[in-house]
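Please find one structure pasted underneath; my questions will follow.
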Amino acid sequence: MTRVSIVGGSGYTGGELLRLLIAHPEVEVVQVTSRSRLGEFVYQTHPNLRKRTTLKFSSPEQLEPVDVLFLALPHGQAQTKIEHYAALAPNIVDLSADFRLRDAAVYQKWYGSPHAAPEWMNKFVYGLPELHRAEMAGANYISGVGCNATASNLALLPLVNAVGDNRADLIETASPIIIEIKVGSSEGGAEGNPGSHHPERSSVIRTFSPFGHRHTAEVMQELGLPNVSLTMTSVDIVRGVLATAHATVKPGVTTKDLWKAYRAVANENPFIRIVKEQRGIYRVPEPKILAGSNYADLGFELDESNGHVVAMCAIDNLMKGASGSAVQCMNLMLGLDETTGLEFMGLHPI
Amino acid sequence: MTRVSIVGGSGYTGGELLRLLIAHPEVEVVQVTSRSRLGEFVYQTHPNLRKRTTLKFSSPEQLEPVDVLFLALPHGQAQTKIEHYAALAPNIVDLSADFRLRDAAVYQKWYGSPHAAPEWMNKFVYGLPELHRAEMAGANYISGVGCNATASNLALLPLVNAVGDNRADLIETASPIIIEIKVGSSEGGAEGNPGSHHPERSSVIRTFSPFGHRHTAEVMQELGLPNVSLTMTSVDIVRGVLATAHATVKPGVTTKDLWKAYRAVANENPFIRIVKEQRGIYRVPEPKILAGSNYADLGFELDESNGHVVAMCAIDNLMKGASGSAVQCMNLMLGLDETTGLEFMGLHPI
Amino acid sequence: MTRVSIVGGSGYTGGELLRLLIAHPEVEVVQVTSRSRLGEFVYQTHPNLRKRTTLKFSSPEQLEPVDVLFLALPHGQAQTKIEHYAALAPNIVDLSADFRLRDAAVYQKWYGSPHAAPEWMNKFVYGLPELHRAEMAGANYISGVGCNATASNLALLPLVNAVGDNRADLIETASPIIIEIKVGSSEGGAEGNPGSHHPERSSVIRTFSPFGHRHTAEVMQELGLPNVSLTMTSVDIVRGVLATAHATVKPGVTTKDLWKAYRAVANENPFIRIVKEQRGIYRVPEPKILAGSNYADLGFELDESNGHVVAMCAIDNLMKGASGSAVQCMNLMLGLDETTGLEFMGLHPI
Amino acid sequence: MTRVSIVGGSGYTGGELLRLLIAHPEVEVVQVTSRSRLGEFVYQTHPNLRKRTTLKFSSPEQLEPVDVLFLALPHGQAQTKIEHYAALAPNIVDLSADFRLRDAAVYQKWYGSPHAAPEWMNKFVYGLPELHRAEMAGANYISGVGCNATASNLALLPLVNAVGDNRADLIETASPIIIEIKVGSSEGGAEGNPGSHHPERSSVIRTFSPFGHRHTAEVMQELGLPNVSLTMTSVDIVRGVLATAHATVKPGVTTKDLWKAYRAVANENPFIRIVKEQRGIYRVPEPKILAGSNYADLGFELDESNGHVVAMCAIDNLMKGASGSAVQCMNLMLGLDETTGLEFMGLHPI
């Protein structure tokens, strides 16, 4: 059994990691830290874990050496103590934004302050298996992914020459690409704020960020898109992200070409599904049926009259957009089947 | 025009009062106080008021004399300064719990501390027009009502001999009466707490108080019921209360008797409606269609085999359960038609 | 009192018209027709009207002459009997899509069949007062508006030279304009379908139309935009539309220029508000607080680095997007103040 | 591998069975029947199964012999063909109401028509393992459970002498027991109706059955309670039931006695958990965190001043209230660990 611990286990991504790792057949969870909940049973914070574990939150000061350390801290903290964590475990998966970007100047531009450990930025593999699977085998350090970046990257993955020369190259990457993203409330984390108070947050359609969201940097870096914009709108759901990307295909590209490209990506990736049906209720990707699952559902529609392609990706932000991808990365890092512990297929209806 | 001010205007009941009073044809709103929002436009807090008023929040220290003062403060504050407020206005409507009960010992039992102005307790009329209309004409001081107490009192009103000798006396008042109440999130007020954070509050069915809710005291006092219990359950709605009361009718009481009693109450009270249909979607009282309206919708069903009567009342907790009743009381106090400014009939669908 | 009737009163727009017209001080509702509910009280279908009207649904065959006839029929029906209706009333407001477009060929392209009364297409004024106020005074025939078209048209109105020469001309109208629209379930009407069954419709983020929505034709016609695309996504709300439009400003256009243009539009139009705040919860237009109100809330944000402007408009689809605008049109047609009967300001919280 | 088939697989309980059985390590799903979806992939109806199975719906006429047959038909159908099904499989689990009751007269009273196969009524074990575990080992025929009956039965199980002489006997079973049940929309099944249309069903608090619900018969039969009443209220959730039962304890019974009784039940049953916390957000049983899990969360509160006990049980109606219990029964029937295939622990937040 691989011994793993979670640093920062009281938030939503930490709780989701716990849920997955407790049930993972190849892993033993050794410690879960939380300063604010120190000494409490983890199920008092994450009530779904009741009767499943008697773990209590422990102090971050008393972390023991393990095989794999998951860091689920607020952004900015992992980078200040990365040497300390690296001394405790040969393998680290950091779910925060600290090690997602490769360029210190880019980091400073989007996050507003210099990176505290720039020499570590290139030691991490970006944590999206669909883009970096080969590098993950045997890697020591893997970053997390931004949930909105993941929905965007996967929506566009079949359309750009992102990974190796077997990928399609179907859209005008220099033209503006508008990605409209609708998100649930769990994306904001476990700490409340005035706008997350139920009477204010219920039933909202709130475009809280028209452009300039930090996750944009991950899409630019990973897909090599210079002219991409993310617009963020909150809607009344807890888990879920739907990215709807608007791009322009190259001259002559047809719906048939797109089908071929999407099928190739779905065939290579166990958690990618294509949803494009002519009838029934579920014809397009929808996040509601993905709660708790690690799938990313992709869809597309091409207006052949003008080359406008609408590419969609639905995920559970806490799973494929955070903790699910993190466990998938750990599996690849350890040489396990990448789907281990991630078999839950989601619920219908829900 | 009657000059009115609101003390404590940043909360939900204060905001709802503002909405009603700004549009009230017989009233001019002079001041609205808030310490935390001092100097801000009221529409920055209550966004529905944008383009409808240029009022700003003013300091409670600079309150000017007016004709009617509405107090919408947190519970416990009005009683400590009631002399001060009475010096500023001949008429006061206090929406808090401070002057709803008539007995200082009862107050202490339910609120846990002695009342700060017990000599004022009997100067106030309890603010439910359906029970105290006659006393309100010319009254100077009227209390608010608890929203759950109001749903309970109105559910049972046609069944008990509550007001004068023209009322029915249909249930065994000494037998246990169980009132199951389902409430929306606005009942908790404008200040958030960990349990009101949208990811935790969304989709809940949460029985947060099995018995012992403070509003029980108002039901006991107003209906004279010694053996009544309120069970509170939060559900996923913002505005709305449904009280479902379980009682036992006296021997021989029939459905026909109940119809007669309910019709009498509906006929006397402009905001009481009976909802008891054999077909269609809306056969029973439901709070969702009452958002923003001052109606209380009543329904009932009698199991003639065992005398079990289920009596229902749906209201908007911020309207009939708080600010709507307060304006209705002001209307009666001032000799206006009691429906003035309360004509909004609710929305369908919503 | 102006005598009005509603043809087709059992649907959501018919119900909303009834709500508005029953409370309208200058109007008397004579008849409301419905074949399926013939003889039933209107409040059995529209439960918010209980205790407010004793009207019953009457037969469309027994329509009496009135001053104003509102047609709230399914699309395609008004055009086949327009001569009949015109014989019954000098003034008609048709809420359907039948008389919104001016060109029979355009109608056929978007609606798939020839128009049944092409000679009537130019007798109607398009029913958006913000674009056609002057023409409405004294007009006999006014069309309805598409709710998504209205949100789109109003979002972009301050940016294009739509009405006369006093308007701005701020965006590149030949460049692609992407409008992402999020809508509630009432937009689908009162008749259910498999996808509107609550377990399937609840919590959705469902992009049901990536492009090609029929309302696109109204945006092209009214704003003169040749290259505009509407993408429709259903979310979990009943009433409400948010349109988020992505366009490119002309070289040199600044945020200050946009403020000037938006302020001009808000000043000319009583139901247009600008929502663009630096703090508080409600910083951008949101449909949730507009339920039941006739306001259109506009907002915008300009990325001056690349000219990308994000323009937003929130409305209640049944009010400003349908019945509210229809009553506003009637007011203008009759020479009344255009806000008469449309004063409800919306609720907060809700 | 045990070979199983599902008769009636297009509804919600059939879909949930499929989800569980496809992932069950000891089972192979041979056929799933549906007349209306004949020949379609099951994932077109149950979109969560996409990429997990290539099963198609087959005809009920072409059912093959298997080891276990699950019947997930509308109520009333299994009883007419039970001999046919029994000829196809030695083991049957019937999820409908057809074989839950033991007395033909009771069946007729609650279901309104005579039972078509009364001689089969006593061949079935009632499908709640917490009440009939011992009888299930080696049983051939097991019925389903009513979801509301299950929430009621489990809420009260620790308080009544239901199973053997090791159970408590803590409440006055002859006194009226009021059970208030709040339910989600999936309880109504996959077929829509006018009241399930999203604009009408969203945000409801709708007491659709004040008493007389058919599941009452199962509570009377299984717990031996002569005087029990179920009141059903729909709320805005898809999956979930909360039963809140009001009873009176026998003289002298204390909170400590209740703790002992509840702990005993939780210790004997792997899917029973007690939720009774003094702090945190999740202090009482709540269905929202149970979506997809087979847990039944129990809680209670005793008013020692008057003996009023409020006993709560939260379940997922499609899991513990239907398909989850059915799989648990199959496990017991086959001698497997009863938790096999039912390990999913639910999600937080959701």
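Note that the chains are named A, B, C and D in the order they appear, and that numbering of residues resets to 1 at the start of each chain.
As a working rule, contacts are C-beta pairs under 8 Å (C-beta built on N, C-alpha and C of every residue); 3 or more make two chains touch, one makes a residue touch a chain.
Owing to the predicted nature of the structure, the values given are computational and were not obtained by experimental measurement.
S.K.: B-C or B-D: which has the larger count of contacting C-beta pairs?
M.R.: Top pair by contacting C-beta pairs is B-D.
S.K.: By mean C-alpha position, what chain is farthest away from chain C?
M.R.: Computed centres place D farthest from chain C.
S.K.: Counting in whole Å, what is the centre-to-centre distance of chain B and chain C, each centre being its mean C-alpha position?
M.R.: 36
S.K.: Compute the distance, rounded to whole Å, between the mean C-alpha positions of chain A and chain B.
M.R.: Once rounded, the distance between the two centres reads 46 Å.
S.K.: Taking each chain's centre as its mean C-alpha position, how far apart are chain B and chain D in Å?
M.R.: Their C-alpha centroids are separated by 39 Å.
S.K.: Return the residues of chain D touching two or more other chains; collapse runs of consecutive numbers into ranges.
M.R.: Residues 12, 186, 190, 194, 199, 202-203, 236, 238, 281, 286, 349-350 of chain D touch two or more partner chains.
S.K.: Taking the complex as given, what residues does chain C use to touch chain B?
M.R.: On the chain C side, the touching residues are 12, 15, 19, 22-23, 44-52, 186, 190, 238-239, 273, 275, 277, 280-282, 286, 289, 291-293, 295, 297, 343-350.
S.K.: Across the complex, what residues on chain D touch chain B?
M.R.: 176, 178, 180, 182, 194-195, 199-200, 202-208, 210-212, 227, 229, 231, 233, 235-237, 240, 242, 244, 246, 248, 281, 283-288, 299, 301, 303, 306, 308, 310, 312, 314, 349-350
S.K.: Give every residue of chain A touching chain B within the complex, in rising order.
M.R.: Within the complex, chain A touches chain B at residues 12, 184-186, 188, 190-194, 196-199, 201-203, 236, 238.
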